[in-house]
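The same chain A turns up in both complexes below, where it pairs with chain B and then with chain C.
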Partner chain A sequence: MTTTSAVPPAAPAAEARAGTTGPVRSVRHQWTEHGLLFTAPFLLVYALFLVWPLLYGVKMSLGDDNIAGTESEFIGLDNYAEALTDPNVWSSLWNTLWFTALSTVPLVVLGLVLALLAHELRVVQWLWRLSWFAPFLLPSGVVCLLWLWMIYPSDFGLADLLLGAAGLDPDIGWLSDTRYAMLSIVLTTVWWTVGFNFLLYLAGLQSIPQHLYEAAEIDGAGPWHRLWHITLPSLRRTTFVVLVLQLLASLKIFDQVYIMTGGGPDESTRPILQYVYQAGFTGYRIGYASAVSYVFFALIVVVSLVQLRLSRRASEENDR
Partner chain B sequence: MQQSSRTSRSRRSVLTGLGALAAAGTLGTASSGCAAPSAAGADRTRLRFWHLFGGGDGVNMQTMLDAYRAEHPHIGLEAATLQWGAPYYTKLGMAGAGGRAPEVAALHLTRLPGFAPGRLLDPFDLGLLAEHGVRPQDFPEDIWRRGSVDGEQYAVPLDTHPLVLFYNLEICKKTGLLGDDGKLRPISGAREFTEALRAVKKTTGRPALAMETMGADTVGPWRLFAAFYSQTGGTVLDDTGTRITIDDAKALRVLEWMRSLVDEGLAIHRVDYQGGVGAFNTQRTAFLINGEWEVSTFLTTKIPFSMTRIPDLFGRASTFADCHTFVLPHQAGRGGASNEAAHAFVAWLLKHTVEWAKGGHVPAYLPTLEKPEYLELTPQSEYRSVLDDVALDPPAWFAGSASSMQIELGAVFSGVLTGSRSPQGGLAEAKRRLRKLLDTPNPFGGAA
Partner chain C sequence: MDGTTVAGAPVPGAAAGPGTGGGRTPRWTRGRIALLALALLLAVAWLLPLAWAVATSLKPASETTKTTLEWVGSTITFEAYGEVWASGDLARWMFNSAYIAVMTTLLTVTTCAMAAYGFARTEFRGRRVLYGIVLAGIMVPPQVLIAPLFAEMVRLRLVDTYWGVILPQVAVPAMVFILVKFFQGVPRELEEAAFCDGAGRWRVFWQIVLPLSRPVLAAVAIFTFISTWNNFLWPFLVTTDPAGMTLPVGLVNVQSTYGVRYAQVMASLVIAGLPLLVVFAIFQRQIVRGVAHTGLAGQ
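== the complex of A and B ==
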């Protein structure tokens, strides 16, 4: 995300630096000192609550640490070796990736479609914006319990009522059947979080210069042409931002599953983060739980690097 | 100690402005839990008690604690209700590890082996307990014995809470399952129970039984399996908690029968803990298999129900159970007035367990079982004989209430009940997971 936005401003800055010499450098130097002073509180918090735990986590993952505070021993990579052969790690990792795959596509596409609709529909525009963004304002606990108690229950849930009204067999175990549980969680998540992507897309749409459309119209381009050749290409950067943020958000799935199915039925929805939690806090093995989280961390780093690579290539193409 | 920290706080607040504000902020939160004792002066003994009793249990415990407070004005009792299950045990373990634990806490007896007695828990002083009128012979022998490790008593039992059979009086009467005394006619054998369920289904047109088949972190399916499997005489682990002793034939008989109930529509197919209680509470099922503690729910809603021991379906009438106990979490400097208060407090609560029995639990303190006030409690006193026929989780660090074993095997047997696993596949998976737990070193460094 940072690189996509950092690329264009970097160019003028470089020109400025090439053009001028001495005095500019001293000003910049001063700024660095002030900058450090101002960012010190943040850096302190950052070091204390992010960098230190990160390093401490690595240390724990190399030992047989537990939460009962007994002396832990250094056991090298044993935890990692165990994690890589633990079927629970693989199955929960798979669940996480499956959820990410299932949720990212509709969240991105739907976010775009809703933004296009809200942008084009001139009537009661505020209502569309509000209703599509409103769910995102709710805390995850509220959203999950709403769906758990109102939509999905098998006897009186809204979902079964709708199916019944449509003449379909309403006896679906939304959250209790291994075939549907993950899909149900995806559905809830899409409803809950699509508003954020919608907002990003809406902002992207509003920043497309109007004269492009006017020129296109003069050249005789129809609405589909305009969408295809102006709107979508102009939204390319927004799409990458949305995609990166969405992938990372989806990979971090925990709340919805924890509240709605607890990882069940039969662990078919248990994500990797829940397994980390279980290994650490039910199984008391903090060392092992740390190792599993670092395995997951490695996966996220890989995903992010691939993303970065792709987005860089895309922005280069865009600049051409 | 408390006094001195308070004076230093006030002195500081006079001397400095901003610094004291911060200090008052932190000290204020630290002492907010003991507002009562500090208000009454320093001569009160501080007694902290952590427990995990919510719902009806929480109400009963609160009543007992209020009565205790009224009788003991010189004790500054601070009781904290924490969330049941894994979060509670995580917190209790960490408090003991830091040596800054409360004076007394509740613990499920089955969690004792994992709790590293001697390091995370301090032993009771039996002489001190006896001074307050509580002796080892006041408890069922087996349960008392499981509370001791290496000759020291680490857990003093409060109750036994077994899985029982709740039944709806009206539906059972309509179906003709009640005897002349208005109670459920004895049922023996799995086939007879199945027949009874079929008869109910014919009457009501609905599944006759509710039992927890799924849910978040569900342990219900394990409890059901453990109850029926114990009736076959089978065991899961040996006495030392180090070897798998599952008898495949017996385990399969139980799993296949449990599965047949949902397959035939005699038991609700997919229902979580709350759903099962709800189904019985709204009189949609004639039977509910659940812990006796749910009795408060049905007494409150006043539905026509009673409860009894789980019938003998596989050879003997035992059932799954656990026991709440009192323990002394490890404190760096345990002793003195607060330690004595802890012993006296435990003894006092045990002698007042009639109140506790209202929540359905069978008191472990035997003198209570003979009290007329207890015998008058119906249906709570109907199943007190179960005390001698309970199967507790095997003694292993990974077993017990809300433990890794219960959650892992709960998920597997949930799969058998909801249809995503076959009984054979479920059994194989259960054994695989047990083996993995056995291969994992005890993170607490405890005995087993």
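== the complex of A and C ==
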């Protein structure tokens, strides 16, 4: 363990300290001590509850495992062949991507707008944080039941009452009409989670150096000019982080759909995660469920790699 | 930063200028009043659903489904709260959630901080490869894990136990990544000086590095706590016995318990939502600063 040939980057700094050749050697020795011990507890849990299931899932997907624990037989790629031709897989995959596309844009843009408002106004900060961030702290169960029971019911739900009060036709099947069900889930999700992006953008705004604005001010730049030429370009890194986190979160969509529509009406809102759950836990075909989830995983990996390439190219251009 | 820093020290006249430049609140121009109005409108829109839930929970049962917009019922009654609390379920679920969230947070912060320090500051064979494997874990979606993880839990006999809920939530690669980034920024000279004074690895870690990292550790702890307290899917899969359910999972059961008694459902939601809102009210600043400290949004 201590014979690593790699020289720790600290060595030059240590050697630079004049006349301490003796201690330097022992300092270098110190850097290499106990390394594995520090990482061992994490790696143990990580191996047991992430790496192992990840690999075991591959084995499961190649067999006809059921959740009851009876002996499974190796059936090769049959599950994958079935998954690729299963219309339910494609429709739930489509629903997941559709939800992601619909939710990401308002969540990122609105998060930015709210942060700009709060940052620009500089008054009653607690009010902005409370109203926009607090919903993020509610469990999905609370949020979804609240909207399911109080906002969306027809006739007496808050959404219908407000539409009626505004003189509009309140007769909307928020969660029962295939035209609106997904939009309603997106609306709930935006209300619930925009606060996190709001907070990230607020932190990003606060770390823009003030002298940029002061210099622009001297040049006579107006508020719009400052927004376009200083604020937004400085937030590029924050936007990238927000976007990546948002995409990852949206692709995991489950709670809202499961609690509010159960995937309906007509399976029009059922996401891939719910289909995996149904196949494995209520349909008892856990091997098939694994195969479906690996098809999805492969897709995510491909998307992530493309994203990584794009971001690397973008940051190279930045450094130039 | 982009390297587009504009040269020039602060100019005396500009320091207190209007707009985003100065440190004090600028004048209330017409534009700013319009912005304030917009912000207030959005704040009200965001608070409306919460206000409606509280209002409904305080109405007499017969008035919860009125088809007109009425914020206050004929009387204000806490009947629904009394009933849902008396059933005892909420209190039990809250205890379960709190226990699981506290244990998960403690274990996550400890193991992730140690691992991050190991990866950031020590040398051992295979370090780079192992760190690469950990980072790759960030990409693994829960979709892939639920089926095999459940099968593992069945075999380990951890279904319907606290540990069955806790353990799979402990190893969070993203937390390690955040902490590694932070530890790499701690000046090595501090640690070297301690080595020269004869301190060992552990002492340097506990007495120098950890105290320096308090803000980022707090941020990691807060976010672990929030996400564990609110997690739905995994506890939902691994608990079948109502007595062992967490708050979010138990709540979804409330639906069947209370049928169409809206005041009761809303009362349980208000009770369930309250703990973290109170925590937020107390720790507002730390939570907001925490987001900045994780380096997620930093420049």
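The rule is short, and it goes like this: the second predicted complex is superposed on the first by the 286 of 320 C-alpha atoms of A that agree within 3 Å, B and C clash if a C-alpha of one lies under 4 Å from a C-alpha of the other, contacts with A are read in each partner's own complex, and residues count from 1 in each chain.
Everything below uses one rule, namely that contacts are C-beta pairs under 8 Å (C-beta built on N, C-alpha and C of every residue); 3 or more make two chains touch, one makes a residue touch a chain.
Nothing here was measured: the structure is a model prediction, and the numbers come from that model.
Trainee: Could you tell me whether chain B and chain C fit or clash when both sit on chain A in the superposition?
Mentor: Aligned on chain A, chain C fits beside chain B.
Trainee: Who does A:Ile259 touch here: chain B (first), chain C (second), both, or neither?
Mentor: both
Trainee: Which chain makes contact with more of the residues of chain A, chain B or else chain C?
Mentor: Tallying touched residues of chain A, the top partner is C.
Trainee: Based on the superposed arrangement, let me know which partner A:Thr178 touches: chain B (first), chain C (second), both, or neither?
Mentor: first
Trainee: May I ask you to decide whether A:Ser234 touches chain B, chain C, both, or neither, giving the answer as first, second, both or neither?
Mentor: In the superposed model, A:Ser234 contacts chain C only, not chain B.
Trainee: Counting only touches as set out at the top, which of chain B and chain C does A:Leu102 meet: first, second, both, neither?
Mentor: Touch partners of A:Leu102: none, neither chain B nor chain C.
Trainee: With both complexes overlaid on chain A, does A:Phe281 touch chain B (first), chain C (second), both or neither?
Mentor: Both: A:Phe281 reaches chain B and chain C.
Trainee: Rounded to whole Å, what minimum CA distance do you find between chain B and chain C in the overlaid structures?
Mentor: Taking the overlay as described at the top, chain B lies 6 Å from chain C at its nearest C-alpha.
Trainee: What is the shared patch of chain A, the residues that chain B and chain C both contact?
Mentor: Residues 67, 69, 259, 281, 286, which sit in both footprints.
Trainee: Chain A touches which residues of chain B in the complex?
Mentor: Within the complex, chain B contacts chain A at residues 86-87, 90, 93-94, 96-98, 114, 116, 119-120, 214-218, 269-270, 272, 398, 402-404, 407, 411-412, 414-415, 418, 420-421, 440-441, 443-445.
Trainee: Which bits of chain C are touching chain A when the two form their complex?
Mentor: 1-6, 8-11, 14-15, 17, 19-21, 25-26, 31-32, 35-36, 38-39, 42-44, 46-50, 52-53, 56, 64-69, 107, 110-112, 114-115, 117-119, 121-125, 127, 130, 133-134, 137, 139-152, 154, 167-168, 170-171, 173, 176, 188-189, 192, 195-196, 200-202, 205, 226, 229-230, 232-233, 237, 247-249, 251-252, 254-255, 262, 265-266, 269, 272-273, 276-277, 279-281, 284, 287-288, 291-292, 296-299
Trainee: Which of the residues in chain A come into contact with chain B in the complex?
Mentor: 64, 66-70, 154, 173, 176-178, 258-268, 278, 281-286
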